[in-house]
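Chain naming follows the written order as A, B, C, D, E, F, G, H, I, J, K and L, and within any one chain the residues start at number 1.
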Amino acid sequence: MRILLIQGANMEWLGIRQPEVYGRTTAAELDERLQAEAADRGVSLDIRYSNIEGEAINFIYAAARDGVDGLIMNPAGFHYNAYALRDCLRGVSLPYVEVHISNIDSRGMKSVLATEAVGMISGFGLDSYTLGLEAMVRILKKRTVQG
Amino acid sequence: MRILLIQGANMEWLGIRQPEVYGRTTAAELDERLQAEAADRGVSLDIRYSNIEGEAINFIYAAARDGVDGLIMNPAGFHYNAYALRDCLRGVSLPYVEVHISNIDSRGMKSVLATEAVGMISGFGLDSYTLGLEAMVRILKKRTVQG
Amino acid sequence: MRILLIQGANMEWLGIRQPEVYGRTTAAELDERLQAEAADRGVSLDIRYSNIEGEAINFIYAAARDGVDGLIMNPAGFHYNAYALRDCLRGVSLPYVEVHISNIDSRGMKSVLATEAVGMISGFGLDSYTLGLEAMVRILKKRTVQG
Amino acid sequence: MRILLIQGANMEWLGIRQPEVYGRTTAAELDERLQAEAADRGVSLDIRYSNIEGEAINFIYAAARDGVDGLIMNPAGFHYNAYALRDCLRGVSLPYVEVHISNIDSRGMKSVLATEAVGMISGFGLDSYTLGLEAMVRILKKRTVQG
Amino acid sequence: MRILLIQGANMEWLGIRQPEVYGRTTAAELDERLQAEAADRGVSLDIRYSNIEGEAINFIYAAARDGVDGLIMNPAGFHYNAYALRDCLRGVSLPYVEVHISNIDSRGMKSVLATEAVGMISGFGLDSYTLGLEAMVRILKKRTVQG
Amino acid sequence: MRILLIQGANMEWLGIRQPEVYGRTTAAELDERLQAEAADRGVSLDIRYSNIEGEAINFIYAAARDGVDGLIMNPAGFHYNAYALRDCLRGVSLPYVEVHISNIDSRGMKSVLATEAVGMISGFGLDSYTLGLEAMVRILKKRTVQG
Amino acid sequence: MRILLIQGANMEWLGIRQPEVYGRTTAAELDERLQAEAADRGVSLDIRYSNIEGEAINFIYAAARDGVDGLIMNPAGFHYNAYALRDCLRGVSLPYVEVHISNIDSRGMKSVLATEAVGMISGFGLDSYTLGLEAMVRILKKRTVQG
Amino acid sequence: MRILLIQGANMEWLGIRQPEVYGRTTAAELDERLQAEAADRGVSLDIRYSNIEGEAINFIYAAARDGVDGLIMNPAGFHYNAYALRDCLRGVSLPYVEVHISNIDSRGMKSVLATEAVGMISGFGLDSYTLGLEAMVRILKKRTVQG
Amino acid sequence: MRILLIQGANMEWLGIRQPEVYGRTTAAELDERLQAEAADRGVSLDIRYSNIEGEAINFIYAAARDGVDGLIMNPAGFHYNAYALRDCLRGVSLPYVEVHISNIDSRGMKSVLATEAVGMISGFGLDSYTLGLEAMVRILKKRTVQG
Amino acid sequence: MRILLIQGANMEWLGIRQPEVYGRTTAAELDERLQAEAADRGVSLDIRYSNIEGEAINFIYAAARDGVDGLIMNPAGFHYNAYALRDCLRGVSLPYVEVHISNIDSRGMKSVLATEAVGMISGFGLDSYTLGLEAMVRILKKRTVQG
Amino acid sequence: MRILLIQGANMEWLGIRQPEVYGRTTAAELDERLQAEAADRGVSLDIRYSNIEGEAINFIYAAARDGVDGLIMNPAGFHYNAYALRDCLRGVSLPYVEVHISNIDSRGMKSVLATEAVGMISGFGLDSYTLGLEAMVRILKKRTVQG
Amino acid sequence: MRILLIQGANMEWLGIRQPEVYGRTTAAELDERLQAEAADRGVSLDIRYSNIEGEAINFIYAAARDGVDGLIMNPAGFHYNAYALRDCLRGVSLPYVEVHISNIDSRGMKSVLATEAVGMISGFGLDSYTLGLEAMVRILKKRTVQG
């Protein structure tokens, strides 16, 4: 199983930006934790950061061409109005799980990408990634069984 | 750990109502599965169904008085406009995890209760409950450690 | 043919509440008239009153389990925002005819349940019930022929 | 009893236009059926088709001058924004019954003329006309009794 | 000086329709009064009634071709949404004075044609026509002086 | 004088829920204080709590049948969208005084029930009940004098 | 006949402010013209200018106390949102004629005071005042006849 | 205890303006009654009327400088959009009680000043002032106790 | 190939109305040019002008009955709100190409008919018709090939 | 160079009102500082405070008549809805610089006067006045050069 | 003649993404077809793909500097909210033709770039490009003639 | 003192794009002027241009890592909807001053970034940059004093 994880706009500043909302774990520390959790599940995880919406689109088309199995994304700064990214998600056949560190409903926000997801997990801090990984593995296993 | 799971309006009809959206597992089958998963985690799970918003509020105050540790709810038909239930969630000190079988964003819906949740999980079919249980256990463990 | 007739919120006060809008016939007198009209058509009619939306939902699921053939409802006070009741109607397979004593369009009102009805009759006073009964009988007869 | 029935914009194409919504009975066949039903009730029925809102207004003033007793109309394409027709209905003293073949609420539509009707019947296919005729006869009989 | 006066949708019913709003003078009586007032001012007045927006447009293009000097109109039922008529007014070079018998602001209404008028007079009963005629004569006299 | 006091959704949690907004007096303590104040004024006070909108409607119809003189209500969680309750208030002839502990305007809230009240008192803490009782007594005395 | 004419906010700058819209006649020149026209009609005209909404309200109450017969006003800068002035007009029994130099509809504006007027005249330049005076005289004469 | 009572725009016309809404007691009579009630409570009451929003602001700053203890205001015509007055209330430290003679909710109105009040009383006729005085006395007594 | 070209409301005034927007070519000159271009392509072109929406509907049903192959229309004044015409387009099976002389997006306009078109061409002056003719020929040829 | 500085509604309370937003410098201290800065630049500065919108309008017309060169204004409480003041600014030919102590965008506010300014400076505390003075001097110098 | 053709966000996935909407021709095949059609017309065509809005802006400024004659663009994923790109189009002097494969009106979409185009062509499948090329050649030829 | 100045989307075209709005000074000439002014104040100024929002985000994070003291930005084409950039500004601790050449309020525009600025300066042509530099220097000096 190969999974692409995209960290959207401003995620590189994790642990520094608004720690009262996003916590103090840095991007590098999070990557290490997630790679360990992926390895435990026998999953190959490719983590990419970008502040540029079109670059994220490029990552996704490249992954689709390479036969990656699934996409997890914390759209972060892209959640507001990344309609081109939304069309990209709609166009590729990758199952998509959306994760958010904070509960975006509590903050009065709404992700324009969420309509394209299989499912969404938000508000559990960094555990949102762990739960998202678990959810993606379950999705991919079911597809394999049905295939 | 004692957890209350509320199944909101119309959930009793699970497996019969719109199976293309909610699947064919019945309410009774789901209860059995969730009790097994709770037992595996050493959690005592109390499952309640109601079609009446005020009755769900009564369940929650009763649980709060009884010292229950957490609340998982699929608000179902309550998600549209259950503002009194929302105020109840805001008033009690129980951590709340909201789950939805389908991805409500894809269906253009929005839960007025979600602002009161620690986090939300939606779109993973019945696995949303499993992930919600996992999320709640993690929340309660952290609180114990910090306490 | 067995038909459930639900009288929604505040209908128990019929004949007393705003008689310039709803007339002076009481709930009991209306029931008598409708039972007579149903008997003429060989229809068994079960009339229920409730001021609680979730109780009306309970009536409908019970009827669906009992094999009732059709549902006529004057949602009355439920027409404003009974979204859980709307989902219930969407989920059960009973044909539904909605009736209103007054012309709700003239009063600037809109029923959120109407989208789930086979058809709607409004504005003919208590004759709306008679016409609704006639319409339901026609619907059920066609279904029998096609079955 | 003399009744004018107006078939609004696009009704001439009945049976051809969107048969999945409006059925396959043609305008001519419907006219024949309705004349038979009117005759059964001793009603003289004048049926007019028009695609031009102002022409429908002309029909109504002519009928009002001729002493016609009531108006049944399926506004069809006029229901969207025929405000001049609405003012005409408000101005003449003819009782008006509005009918629709399909349930316009289910289709997210709203008739601007409905506020001027005694009552509305929608969603019962061609039976909407039959029920509308029945409703009009009841209205006119009551007025005679009261007069 | 030649002036076209258009009486819009439903004006033929003047004196009969909603007399508490529009008074009891009939269309024929009004015509007579206005012809007398026009004659006093040496104005040739052509009065046309129509319930069909496109027919009113036809009247205006015909008048423009014939060299008529000005247009007075009570749009009546056309004031709601006669955008094609509005474009026509914008296209022809006739000065246009809009009149209304009742004060349309008091009734919460707004004329989409008013933007194309030199000026508007509303609320003075049938005197609105007299004042409109006076206003048009003043407009045409100024143009003559400037020409 | 007999007065019904209804405490709406979540009021049972008074003194526990959001004490920074609603204070620390419990529901039982409030009841005691109000009964004392009622006794001082020679008023018989019946206090009911409910989290279910339809149950509150039932209380009101029962009171109306029993000849109760007036209704004081803190709608609490019902103030958001209890349209059926609003219709009930409109239908019964009981004078209604609405009270709120906090100033709901300051909190950006609006009660859909307030249109049916004789008057409203909000923002004076528990004194809102005292002032409401005083206001009701004045209303009932005036009615007696005029009767 | 005694008439009060109020010139609202910014009218003192007439002839200087936006002459392409309002022309080059100054306030003083306009006053002279209007006094002459009033004298021709045997009308006593009191002209007041104010930039302060509440001061205009004071003028109106003073006039009402003094037995003035009618009010003409060009609300000018007050037309946007002078709701207190609107309530004042609603409260006094003076007939009110509203005038505007430019066609406010063409400029996308709407006067919140217009609902309180007997009628409105807009767009005829300074002739709007002359027509307004004519209209007021006609209103007052009718009242005298009927009185 | 020294209290300032401001009567907002159009209140000077009390008893004359819309008596079906505001009653027939005049401003002078009301003042007399309120001074008597204030005297009974040992309160010094300063009553001011103004039709000019900015003048009301001046009154409030003067009172704040003079050490007045509280402000009662019936904003009347200021309630629509007196945002500068609202900022003034927010800036001074005087406790503010807002009163309305009629129930403004029933009339579809909303006061922009209400967010700044300790509490609001509306709908009890002139008793609204009496209840407002009582409420203010209670507020000031509590502050004294706590001080 | 037989094609109907409808010129909507106000198109007869082409070359005269707002020449800065629509150019100076008259309707007659345009017809001649288009007939020549149609002849070059071996297409029979029937050009109709109407200011009456319902008359345009009549043209389309007549064409559909006569076996015309396609419809090109510049809706002009109909584009604002011709919902009955829109329903007609939806009902007939003629391929429809919509053309506009000016770029309607630049002018902040939107055609309610455009949803029913195969495609739209706007902004190229009279070349919009030429391109529309070319587009229609391509559409019809493809259908022939597929048929 | 002569410059008028208007301090809008509630500015007299500077240093007292919401010091966490506006600081603790009083109006008198600010005046002194600004007069010193103006003197340094050889500018004659006339500072006026008003809580009454129409009075501010009066100041501006008086200044325009007196040949003042420019206007700086902190509209403060006038920024919400002072449309008459906005029209005044549009009508006089004085260059206008708007200043705000706090960043009004951060506070979700918008000045209706800003459209009439040459430019706006907001958010720099009392330095906003200094920067505004600097900006005005630059504007006036350029005009002198070009004149 | 040199023309730049920009293929906006997600166009690289043409033929793969939603083929039921966009068809099965790939981006490479389309390029080949368009180069052939350009060659037939003696046009030099430069085709660029980008998923990054700012990169498309860079392409346009580079082309403007290089003396390219015209721009054809299918904005695709940029049509939703590419306001910076819109400003770029407004700033450069290149004539711009916008093309869409599908009829965007039918899909309820609107391009924010369309206001800047000479004209728009949408809904004709890949023929939209051919028609766009034809339209651009006509525009450039006219400019040459006029130049 | 080290300051980063970002010139947002389309600023590279300064002096060419819409010179009636932005003037004829080119980007290179502006840079030279600003470097001179910065040198006069002993400020090191780093000027960057970008048409890509995410690239601007990259510049800001790089500057934050490098210890730059403040950020001045003319967001230009980014002001419409650069929410990711807004989040970036919110996350870094750099004081931010926003500048605009034209008065964006006059043009009906609003910057989504302005909420994150210390202050905003708009409408003074290229002097907006000079004033912005002055403002930033004052901000940084105060911080030094307080530090």
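Everything that follows uses one rule, which is that contacts are C-beta pairs under 8 Å (C-beta built on N, C-alpha and C of every residue); 3 or more make two chains touch, one makes a residue touch a chain.
Values in this document were obtained by computation on a predicted structure and should not be read as measured data.
Asker: Tally the contacting C-beta pairs at the D-E interface and at the I-K interface, and name the larger one.
Answerer: Pair with the higher count of C-beta contacts: I-K.
Asker: Taking K-L as the reference interface, identify its repeat among I-K, J-L or A-L, namely the pair sharing over half of the contact pairs by residue number.
Answerer: A-L
Asker: Return the distance between the CA-based centres of chain A and chain D, expressed in whole Å.
Answerer: Roughly 56 Å, centre to centre.
Asker: Whole-Å distance, chain E centre to chain I centre, using C-alpha means?
Answerer: 32
Asker: Any idea how many Å lie between the Cα centroids of chain B and chain K?
Answerer: Roughly 50 Å separates the two chain centres.
Asker: Name the residues of chain G that each touch 2 or more other chains.
Answerer: 52-55, 81
Asker: What chain-chain pairs meet the touch criterion?
Answerer: A-B, A-K, A-L, B-C, B-F, C-D, C-F, D-E, D-I, E-G, E-I, F-H, G-H, G-J, H-J, I-K, J-L, K-L
Asker: Under the definition above, what is the set of chain B residues touching chain C in their complex?
Answerer: Spelled out, the residues of chain B in touch with chain C are 8-10, 12-13, 16-18, 50-55, 76-78, 80-81.
Asker: Spell out the residues on chain C that touch chain D in their complex, using ranges where they run on.
Answerer: Against chain D, the touching part of chain C is residues 103, 105-106, 108, 110-111, 114-124, 127-128, 131, 134-135, 138-139.
Asker: Looking at the complex, which residues from chain L come into contact with chain A?
Answerer: Those residues of chain L that touch chain A are 52-55, 57-58, 61, 81, 83-85, 87-88, 90-92.
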